[in-house]
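As C-alpha cells, here come the structures.
Okay, so subunit A shows up in both of these, paired with subunit B first and subunit C after.
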Partner chain A sequence: VLPVRWTRYNPYYLEPEPSREVYRIPVTELTDEQKAAQELKAVRPIKATPSGLTSSVFSDPTVSKFVNMMMEDGDKVLARSIITQTFESMKRKQVEKYHKAPATEKEGIECNPYTIFHQALENCKPIIGLISIQKGGKYYQVPTPLTDSRRRFLAMKWLITECRDNKHRRTHMYEKLSQELLAAFMNEGNVIKRKHDMHKMAEANRAFAHYRWW
Partner chain B sequence: MSKMAASSGRALKSFVQGCCGCSSVILPSIARNVILQKPAVTVLARLVCTSSTLQRKNIAAAGPEKYTQEFIKKQIEEFNIGKRHLANMMGEDPETFTQEGIDRAIAYLFPSGLFEKRARPVMKHPDEIFPKQRAVQWGEDGRPFHFLFYTGKQSYYSLMHCLRFIQLLERILALPYCSIEEEYIQRFRRALEVQSKKQKIEPLQYDENEVAFSIGEGRRKTATATATVRDNGSGNITVNGVDYLLYFPVLQDREQLMFPFQFLDRLGKHDMECKVTGGGRSAQAGAIRLATARALLSFITENEVESMRQAGLLTPDPRVKERQKPGQEGARRKFTWNKR
Partner chain C sequence: MALTRLNRIVQLSHTVSLTRPLHGSGCGLQLGAATQTEAPMESPRAVFRTSESEPASHGEQHIGQFYTIPPSQVKTIFPHGLPYRFQQQIKTFNEACLMVRKPALELIGYLKKADPTHPSVRYVLYGERGTGKSLSLCQALHHCSLQDWLILHVPDAHLWVKNCKELMASSYHRARFDQPIEASVWLKNFRVTNERFLKQIKTSQKYVWSKREFTDEGRPLGEIVDQGVTRVKNASDAVGVVLKELKAQARPGSYRLVVGVDGVNALWGRTTLRKEDRSLIDPSELTLVHNLRKMMKNDWCGGAVIATVTQTGSVFTPSSAYLPQELLGKEGFDFLDPFLPVLVPAYSEKEFESSYQYYRDRRWIQHHTGHTEEGKKELLFLSNRNPAALERLCAFL
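Coming up: the complex of A and B.
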C-alpha cells in the first residue's frame, strides 16, 4: 500500500462552519461569493465538526491547532492544561506589569492572553521559506514563497521546539512558553531570532531562486 | 532523393534522442527536407557514447513515420504526372484514364511472376498508400495551433466554450414549446438534491405532565448514545444516572455536550437525560452530541435545521480506528527496517 493521504469522508463533502455569526447575517447583506457558497452548501453534504471545536466564544481554532501540535501520545488533556496554565501565567504577569506601570503607560499594556498569543504568532510567522532542491548532484537551499497554513505551522513548530529544547530542566513548560510568547509579542526572543535568520538565509541565497521551477 | 533525406533525418532524430541528458528541444515536426543546423552542432559536440543498438531501439520507439502535408502534395502531383505519362504510353486519353487503366498498364509494362499479390508493383493514389495520420497539432516552434490544446480534449472543450453549448441548452429549455426536446436535454442534467430535506425529523412527544420531549440516537466510533431532551427545563444534564460534571471531568467533553444547545441559544431551557455505552471518553461525548442534535430537531424551525447541518452537528462522524495490516506493526507503522 502506497503512503497516500486519504480520509474516511467522500471528497464530495464540504468543511463545516461551527461559528454562529455566519448564520446571523440576513440574506440581503451577503456578497455574491457568499451567496454562491451558500447555494453550494445547500446541495452538498457536510462533514462533522471535530471534537476540538465548538460554536462558543471561548473556542479558538488557532489555539486548537496549537494544542494538537503540542500533544504527545494522544494526551490532549495534558496539552490543554499546559496551554491553560500558560495563559494564566501570561495574564498574571501582564496584570502585575499593569499595576506597577504609571498612569500614562497603562493603556499600552495588553492583558488579554488570547490577543497576545495571536499577535506573538503573527510576529513569529516567516514571510519567505527555504526549500532543498537537488541540482547537479548538490543540494541547494532555494528561497520560496509559503502558503498561509505553512507559515502558521512553522511559527507554532518553532515555538514548541524552542520551549522543549532551550530550557532549564527545572522550569515548567508553561513558564517557558509564557516567557517566549511575551518576548515574541515584543519582537524579541529566540523564535523571532530564528525567523530573522531564515529571512537572512533566503536573502543570501537569492541567486538560487531561479532553480525553483514552480 | 527524398528517401535519402528521410533516412538522414531519421538518423539525426535518433542521435538527438540517444544522447542522454541533452537539453536541446526535440521537435517532432522536423520536415523531411529541412534539417536544422544549430541542434546538429550541439548534438554532435555532445555525442559521446551512442551505440548502434541504442539507435535501433530509438528508431522503433519513435513510432510510425510521420508525413508532412507538403510531402503528400508532392506525391499526389507526381502521381498525376505519372498517370498522364502512362496514358500516353498506352495510347489512351489522359483526361479519362481510370484506376483500372493504371492497373492494366502496370500489369502490362511490369509483368511480375510473384505469387504474393501485395508484393507486385503497384501505382495508386498516395492517399491509399500513405496511411491517414493525424495532422500535427503544433507548428515548427512547438506552439500548438488550437488554444485549448493542453486540455487534452480540445474539440470537446471548444464545443463547450466557443459555441457556448451549455448556454444553448439552457436557452432551449427556457423557450416556449421546449417540452418537445426537454426529455432529451434532461438526460444530460443531473439532479442536485437539497440536502436538508434528507433529515428525518421525529414529531414531538408529550409525557404525562404535558411536557414536550424528544428522543435522539447517536453513534461515534464504538459508542452508542440515546438522549431524551425535555422542554421547560433548567439545563440539567444526566448521563447514565450521574451528573455530567462527574461523568465528564474534562472540559472539552462538557463543551461538546453543550454545543448543540449553545448553537441554538437554548442553554438553560432544556433538560437532558441520556444513556451511553461503549467507546472511550471522547467517543461517548461525540455520540451524545449527535444524539442531542437529532433530538433537538423536533423543537426548531427549518432554517435552524439547515444552519445546524452546515455547522456539522448532524453528520455522523465516519472516522473509525483503521485496521492493522499483515506485515506491519500497526495500521501505518511498519516493522523496524533491517538491512539484512
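Coming up: the complex of A and C.
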C-alpha cells in the first residue's frame, strides 16, 4: 500500500528530501544543521512525496507548477505531455533558426526551451496588482504590491487562459503555447499586453491606494 | 517519474537489455581501426562523424559514426521512405545524418556478395520497438540506389490495410477491392525515385484500361505510371502492372531490383477495413496487397527483398511481440520461408555515446544538466539505450 499524500499534516511531519546530492555527503562532512536534520529524521515521520516530485536532475519546480496549473480532471500525464511537446516545438523552431543563421547571428539565438520559458514567465509577471476593496457601499480596484507566488500564479494563469481562449480553435495547445512563450520572450504578444494593461489600471487608480489599510 | 507521458518512453525502453560489460566487447570494435580519426573511448568528441558518404565504403571501423546524406539524394531516393520523426530531425538540423550500425552493415555486405543469377534472397529485419529497423532499411536502400539498382520502397505496408477513406470494388477482379488514393500516392513517389528506369523499361504486352484507353506493347513504363497517377480509378491496377513488369524483366543482364517493404507483417495479418455489409476484409482481397505478395516470392533472379516486421502500426497484434514468427503468423512465415533474419538490437555503449555527442554537437540537448555526467547517466537509464526512447527524451531536454 503506497502512502497517499494528505492535504493537511500534523506540523511535526517533515518534508521529503528528493535531491541525491544531500545523501551523498559523507557523514564526516555534514554541518551541524545537517546533522541535526538527520537525527530529526530518525524520530519524526515524513510526509508522503507528491507524485510530481522526482530525484531526476532534469526536474524543475516551476515547470511542475505550470503542469499542475494546466492539469484538468487530474490528468497530469496529458498536461505534462503538452508541456514536453511545447518545449520540443520551441526548441525545434529555435534550433532550425540557429542552424540556418550565419555565424555572426548564431550567438544571439536562444535555443534552450527552459531559459525561454523562465524568461518569458519573468516578462509576464506583473509588478503591481489590483485588489477589490469595499468602501461606502461601492467596490474600488485598489493597487497593491504582490507576493512572488501571486505574481508567478498570475503570469501562468494568463498564459494558459490566453492560449485556451484567444487562439484559433483548430491549433493544438502545444503549438499555441510555444507561439505565446516565444512572443513573451521577445516582450510581445497578448499576455505582455495584459500585464501592461494591469499596470496602467494600477497607475490610473493611484488615488485609491490609501483605501488599503495593510 | 511515475505519472508522465514517459509511460510511452518507458514502454520503448522495456526492451530486452543486452547487458554488455563496459570495458568488454564495446572496445573490441575499435581494435581494427587504423587510419580513421580514432580517439580513445574516454574522449570521443570528434569521432562520431565520418566523411565517407557512401555506405558501400563503410566498414567495421565506422560503426557508431554518423555519415551525411546530401540533400539532393534525400529528395530523390526518399520522397516517402523516412520515418516522420527523422524527417523532422532533418528539417531541424538542416542535414540528414544516419548512424552506421552493425545490422545495416551486415545487410549491405550480404547485398554486395549476393549472386545475381541465383533467386533473390529475402532479408527480414526484426527487433524491439524503436531499435532502428526502418532506418536500417533506408540505409540499405541508399546503398542500393548509389549502386544504381531499381528501388521499390513501400514505406509502411500497414497504411494499406487500415484507415482507407475510399475503398472501391476492383474493375479487374470482381472479388477484390482497390485503394485509389494510396496507390496513386505511391506511384507518384515511385516515379520520383526511379525516373531514369521508367524510360528504359518497356511493357511486354498490351494493357486495356477502359473502352478508350489502352497502353500498347513496347511503350515505356513511365506511361503506365502516368496513367495510374492521372486516372486515379485505375491506380491500383497500374501498381499491379508495374510490379508484374518489373519482376518479369529483372534478369541478371538488365537492371537489379530491390524491394524494400516496411511492416511486411501487414500483408498477412488482419485489416480494419470492412465491406458494405460490415464483414471484415481479408488482406488477400485487396489488390495492392495481393500484388505485393507476389513480389515477395523468391521465384525471380537478379535482386533482393528487404523487409521489416514491426508491431508499431500493426493491427490486432500484442505490443510485446517482436519476433518474425509471432508477427507474420503461420501463413506469412510459410510464404517468406526461407528468409535471412537480421536482428536490430538497441544501441551499444559506443553507439549511445556517439548519439549523445551528435545531439550535443547539433545543440539538441539544451538542458544545463544534460551536459553533465549525471545527466548522461540518467538519459542512459531512462532510455535503456533504445534509440527512439533517447530521441524522444532529448527532444524536450
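Please note the rule applied: the second predicted complex is superposed on the first by the 175 of 214 C-alpha atoms of A that agree within 3 Å, B and C clash if a C-alpha of one lies under 4 Å from a C-alpha of the other, contacts with A are read in each partner's own complex, and residues count from 1 in each chain.
Note that in this section contacts are C-beta pairs under 8 Å (C-beta built on N, C-alpha and C of every residue); 3 or more make two chains touch, one makes a residue touch a chain.
It should be emphasised that the depicted structure is a prediction, and the values quoted were computed from it without experimental measurement.
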{"item": "Partner chain in contact with A:Val43 - subunit B first, subunit C second, else both or neither", "value": "first"}
{"item": "Partner chain in contact with A:Pro113 - subunit B first, subunit C second, else both or neither", "value": "second"}
{"item": "Which superposed partner A:Arg80 touches (first subunit B, second subunit C, both, neither)", "value": "both"}
{"item": "Partner chain(s) touched by A:Ser51 [first = subunit B, second = subunit C, both, neither]", "value": "both"}
{"item": "Partner chain(s) touched by A:Val27 [first = subunit B, second = subunit C, both, neither]", "value": "neither"}
{"item": "Touching partner for A:Pro16 - first (subunit B), second (subunit C), both, neither", "value": "first"}
{"item": "Which superposed partner A:Tyr98 touches (first subunit B, second subunit C, both, neither)", "value": "second"}
{"item": "Interface residues of subunit A shared between complexes with subunit B and subunit C", "value": "51-52, 54, 56, 76-77, 80"}
{"item": "Complex interface listing, subunit C residues touching subunit A", "value": "1-5, 7, 88, 91-94, 362-364, 366-370, 372, 374-375, 378, 395-397"}
{"item": "For the subunit B and subunit A complex, residues of the former touching the latter", "value": "192-196, 250-252, 255-256, 258-259, 262-263, 282, 285-286, 290, 306-307, 309-313, 315-320, 325, 332"}
{"item": "For the subunit A and subunit B complex, residues of the former touching the latter", "value": "1, 3, 7-9, 13, 16-18, 20, 23, 41-49, 51-52, 54-56, 59, 76-77, 80"}
{"item": "Residue ranges of subunit A touching subunit C (in the complex, touch as defined)", "value": "51-52, 54, 56-58, 76-78, 80-81, 83-85, 87-88, 91-92, 95-96, 98-100, 111-114"}
